[in-house]
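What follows is a single structure, written as structure tokens, with notes after it.
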Amino acid sequence: MAAAVKRFFDSDLWFSFTRSPVTVVSAIVAAVCILGAVFAPWIAPHNPFDLASLNLSDAFKPPAWTEEGAREYALGTDDQGRDVLSAIMYGARVSLLVGVSATVFATLLGVSLGLLAGYVGGALDSLLMRICDIQLTFPSILVALLVDGVVRAALPREVHAEIALFVVIFAIGISEWPKFARTVRGSTLVERNKEYVQAARVIGVSRARIMVSHVLPNVLGPVLVVATLNLGLAILSEATLSFLGVGVPPTQPSLGTLIRIGNDFLFSGEWWITIFPGIALIMMVLSVNLLGDWLRDALNPKLR
Amino acid sequence: MFAFIISRILQALPVLLSVALISFAMFAYVGDPVAIMLGQDYTQAQRDALVADLGLDKPFWVQFATFIGNAVQGEFGLSYRLSRPVADLIAERAPATLELAFTAAILALAVGVPMGVYTGLYRHSWLSRFFLTFSLIGVSLPTFLIGILLILVFAVSLGWLPSFGRGDTVRLGWWTTGFLTWSGVKALVLPAITLGLFQLTLIMRLVRAEMMEVLRTDYIKFARARGLPNRAVHFGHALKNTMVPVITIVGLQLGAIIAFAIVTETVFQWPGMGLLFIQSVGAADIPVMSAYLLLIALVFVTINLIVDLLYYAVDPRLRIGRGKGGH
Amino acid sequence: MRKLLMAAALAVGLGAGVSEARTVRWAASGDPNTMDPHSQNVGTVTMVLQQIYDPLIQRTQELGLAPGLATRWEQVEPNRWRFWLRSGVKFHEGQAFTADDVVFSITRAQQPTSNYGIYVDTIASSVAVEPMVVDVITRVPDPILPNKIASLFIMSRSWSEQHNATRPQNTRAREEMHTTRATNGTGAFRLQTREPDVRTVMVRNNDWWGWNEPASREANITEIVYRPISSDATRIAALLSNEVDFVLDPPLQDLNRLRAAQGIRVLEGPEVRTIFLAMDVHRDRLLYSDVTDRNPLKDLRVRQALYHAIDIQAIHRTTMRGQSVVTGTFFPPQVNGYSREEDVRLPYDQARARALLAEAGYPNGFGITLDCPNNRYINDEQICQAIVAMWARIGVRAQLNAMPLAPFFAKIQREDTSIYLLGWGVPTLDALYSFQSLVRSRDGGQGNGIWNYGRYSNPRMDQLIDIMVNQSGEARNAAIREALRIYREDVPHIPLHHQMIPWAMRSTLTIPHMANNQPYFRWARMN
């Protein structure tokens, strides 16, 4: 692993990173979003989940720099008197958690199935690719809606509320695995016929070992690109589901939930309740997408 | 060719069946249609009678078999909410969704392709960078936020365009169209932009990538070497070759457009199938929801089939056997 | 088309003060789910149907009673009401209105498929004693029968029979009924186009009998175009950008903006609907709580503590934006039987609330789940959120379980709840309707305690309610007053407020605000 890190800093990748100001900025923005979200319980000015600390008479305070704003609430407060900045930090935590978990889930599933399909081939390959084909024709948001609906229907309300977060992660993850499987399978097909794999096979290395230690490292580059680009999509999917009211439970509001709630106040002049979470969401997704774009270009030598 | 079509149709059947099962299972236990239908005052006997009449007391598989049997005949029963045949309700709303999806797709193509070509050709120009940034923002903005912001600016602040509905429509047989009246066309603008923006940026990025790939190929270099003018090289050779994947993706994205229409139609109160679906979810209107999902599955399977056939027609290698997996 | 109509109207010079076409474009969040006048007893349906159908007795602008299709009525015997009908009235499709149609309509509303049973529950039979006189025979003396009859629309017997619609439309039916989409009333407007969820168009019925009544003389609406717009933001955007003229249910948070907007007017008024929290005071062990061996809500002190902890003024000011009337009882002043002396709240007092909890044996509070609808009453979920936060401050750890109307009603009707938010409207404008449904013990008697899901039960209360059913005059009034006092002392509910229902419209439109939340376009004028 240490060798890999060293290789990373010596690589063209790092060089091209330092050369692109847009990428550096987006990396910084992404880092700020992620740190703010991860450490929200320690650095957020208020705890929006501590009900006893809420005061209805603090509701609808505009941002601090406006005339009626209070210094205590930098980005204002919402309809229940919650601090918008803290709500965003906690909300970003949920959004990131869902986005990252869903992407990790999709990656693990897609990579294993893709490796299997590419390396084993035959009937298994056709079956898996056929499932991919079918699922890719359905937009992931619809698949996520369906999966979420099925689970919602199958479980009693109380049980569902407990595991709702996992349901959303599962729904988004399951809707995106085929992209990974496709990518990995393609690369595996190429790698499988290369001489070093042939050689390993000749000296009697087991199939599983060849797959994991020879083929896998060589297909990880493209997977990283797909995963990064996918993270942005996963975060947006979660926001859309939450906006339609079927996403994460309202007790754990994500950025999408905050936007949906704030949307009711947009026309009445209390714009900060929806605009700031919206900006946070866009910044997060945009920076992740920019990083993914750069990564794709950097890893694809043809385009350089 | 014939055998290929048959095998594809046979492969599509299990898909439709599983979607039917999912859509049926999904809604069989959501909400409580009985409580909605009975209103405020009723006796247990009335409730039991209604449950029996709706067949909700039968075992799951019996209910499902009945459902499939009726669905094959296009019979989805009456909407719980509106007491009208589901098939009629969907037929009334289909034109609205299809016109919106069609306009959004045309818009995405008409704007996305030129932008993609331009950014592919002039990779480092100032305008290309602007387009790319714009496309990234387009991809990063959630559909619902775009719709809300467009309404805020163009309907409320500027008052140029309507904020909801289809405007006046003209009836042509069973089809209603908004294309033939000025108010109908105006009403189409904002929802079409909202719905098409994501596809637009997708197409732009796709065309750009394809252009860049194609421009590297030997035969383009050869064409240049032959002294052909840039114009001929770019449009005669390069663009033509990027069109196959673009058409395929757009075809496949038509499904995505119809799916995302749920969000757009909710924001703009566009009286299409997506809005019908969301309203039905709120009222636990099982017949409408199941029918909608089955219909969408049918649309997707059909689109997929057509794309497959196109590929089969275009790519001779497929006729020999699936040499190269994926595409 | 509109120009053409206008020209035609100008040329012919339509009488009754109408000289040109006036279209009012009206929007609200929901669409009626049927056009059948006896099927669904919900506001969204009646707001359209009352433009088209007439009852025997009309509501005035102050919700009093006034002649409608009946010109006069009288309780000729304790169990017999007599109605003298208006002559010369015709249905929209030309049938003449007679006593037979009234008998038919009452019978139709009594069918099991009808949702209007509560308005005809005491009626044993009805007879056409003369072509234009109807007698309604009740099983018990029913002093408030006219109040109930005022909610019953009259249909044509021959038309219903011809279209196979003699029973109210039933969602069980496998076929669509004619009355789902078509109407034939005697009212001021005729249904012209009906596209569910898209638009409903009604046009003026120039032959309506009431155009010369004082309230309608100035009315000039010739066409009503109703469009449902469920999204709050879109509905307001449509009003601001001049795409609709009238919004029945503007969201509260937009009122200030609407008031400030050019050319838009907001009419404010109370609704006959009270929002309160009801509690499970019956079970021995509370559901969804961390107290597993008893039911804290059975202890009056706990109920009082939860009551004292609510800062209702903050909810009134912030959550309701001033659009509520804070109350200490469970029906508003418009309802017969209201008493100002009994409309007193327990004051907001956190220290007192904590003391009461400690006294009851819960010095550290307890956990509980609050069930709340999220799309039924004005800002219902926000109210519940605010209350949960207020209770947190006295140590009561409440989980909020907010859900849409359909699963919410299903859940509380199973009594699968410890404490829930409910709103209660009083269409009859008489206190009995609230007492009987909400706080009467359930003993199987018709209508007794049918919405009493907390199973509150007090024998004296039951006696008083029986007096309200059977007696009239001062005895009845005294019973209502005593029952209100018991309600206040027993705290079966925590009352919150009466809803206000602002309407927003273009300033060129004049229409009387109605406490039943029904716009009557027969009284409207557009300049």
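Chains here go by letter, A, B and C, matching the order in which they are written, and residues are numbered from 1 within each.
The criterion applied here is as follows: a contact is a pair of C-beta atoms (placed from the backbone, for glycine too) under 8 Å apart; a residue touches a chain by one contact, two chains touch by 3 or more.
Remember, predicted model here, so these are calculated numbers, not experimental data.
**Q** If you tally contacting C-beta pairs, which comes out ahead, A-B or A-C? Let me know.
**A** By the number of C-beta pairs in contact, the winner is A-B.
**Q** Report the chain closest to the protein's overall CA mean, measuring from each chain's own CA mean.
**A** Closest to the centre of all protein C-alpha atoms: chain B.
**Q** Once you find the CA centre of chain B and the CA centre of chain C, what distance in Å lies between them?
**A** 40
**Q** What whole-number Å value describes the gap between the mean CA coordinates of chain A and chain C?
**A** So the centroids are 47 Å from each other.
**Q** Would you kindly tell me how far, in whole Å, the mean C-alpha position of chain B lies from that of chain A?
**A** 24
**Q** Note the residues in chain A that touch 2 or more other chains, in rising order.
**A** 263, 266-267
**Q** For chain C, what residues touch not just one other chain but two or more?
**A** Residues 233, 237, 240, 407 of chain C each touch two or more of the other chains.
**Q** Two or more other chains touching the same residue: where does that happen in chain B?
**A** Only 148, 152, 156, 266 qualify.
**Q** Give the list of chain A residues in touch with chain C in this complex.
**A** My answer: residues 51-52, 54, 56-57, 59-60, 79-81, 157, 161, 250-251, 263-270.
**Q** If you look only at chain C, which of its residues touch chain B in the complex?
**A** 33-34, 40-42, 112, 115, 117-118, 169, 171-177, 180-181, 195-198, 227-231, 233-235, 237-238, 240-243, 375, 404, 406-407, 409-410, 413, 447, 450-451
**Q** Which chain A residues qualify as touching chain B in the complex?
**A** That would be residues 125, 129-130, 133-134, 136-139, 141-142, 146, 149-150, 152-154, 182, 185-186, 189, 232, 236, 239-240, 243-244, 256, 259, 263, 266-267, 278, 281-282, 285-286, 289-290, 293, 302-303 of chain A.
**Q** Inside the complex, what are the residues of chain C that reach chain A?
**A** Residues in contact with chain A: 232-233, 236-237, 240, 251, 253-257, 311, 314-315, 317-319, 382, 385-386, 388-390, 392-393, 400-403, 407.
**Q** Within their complex, state which residues of chain B touch chain C.
**A** Residues 31-33, 35-37, 39-41, 46, 50, 53-54, 77-78, 80-85, 89, 92, 148, 151-152, 155-156, 159, 162-166, 266-269, 271, 275-276, 279, 282-284 of chain B touch chain C in their complex.
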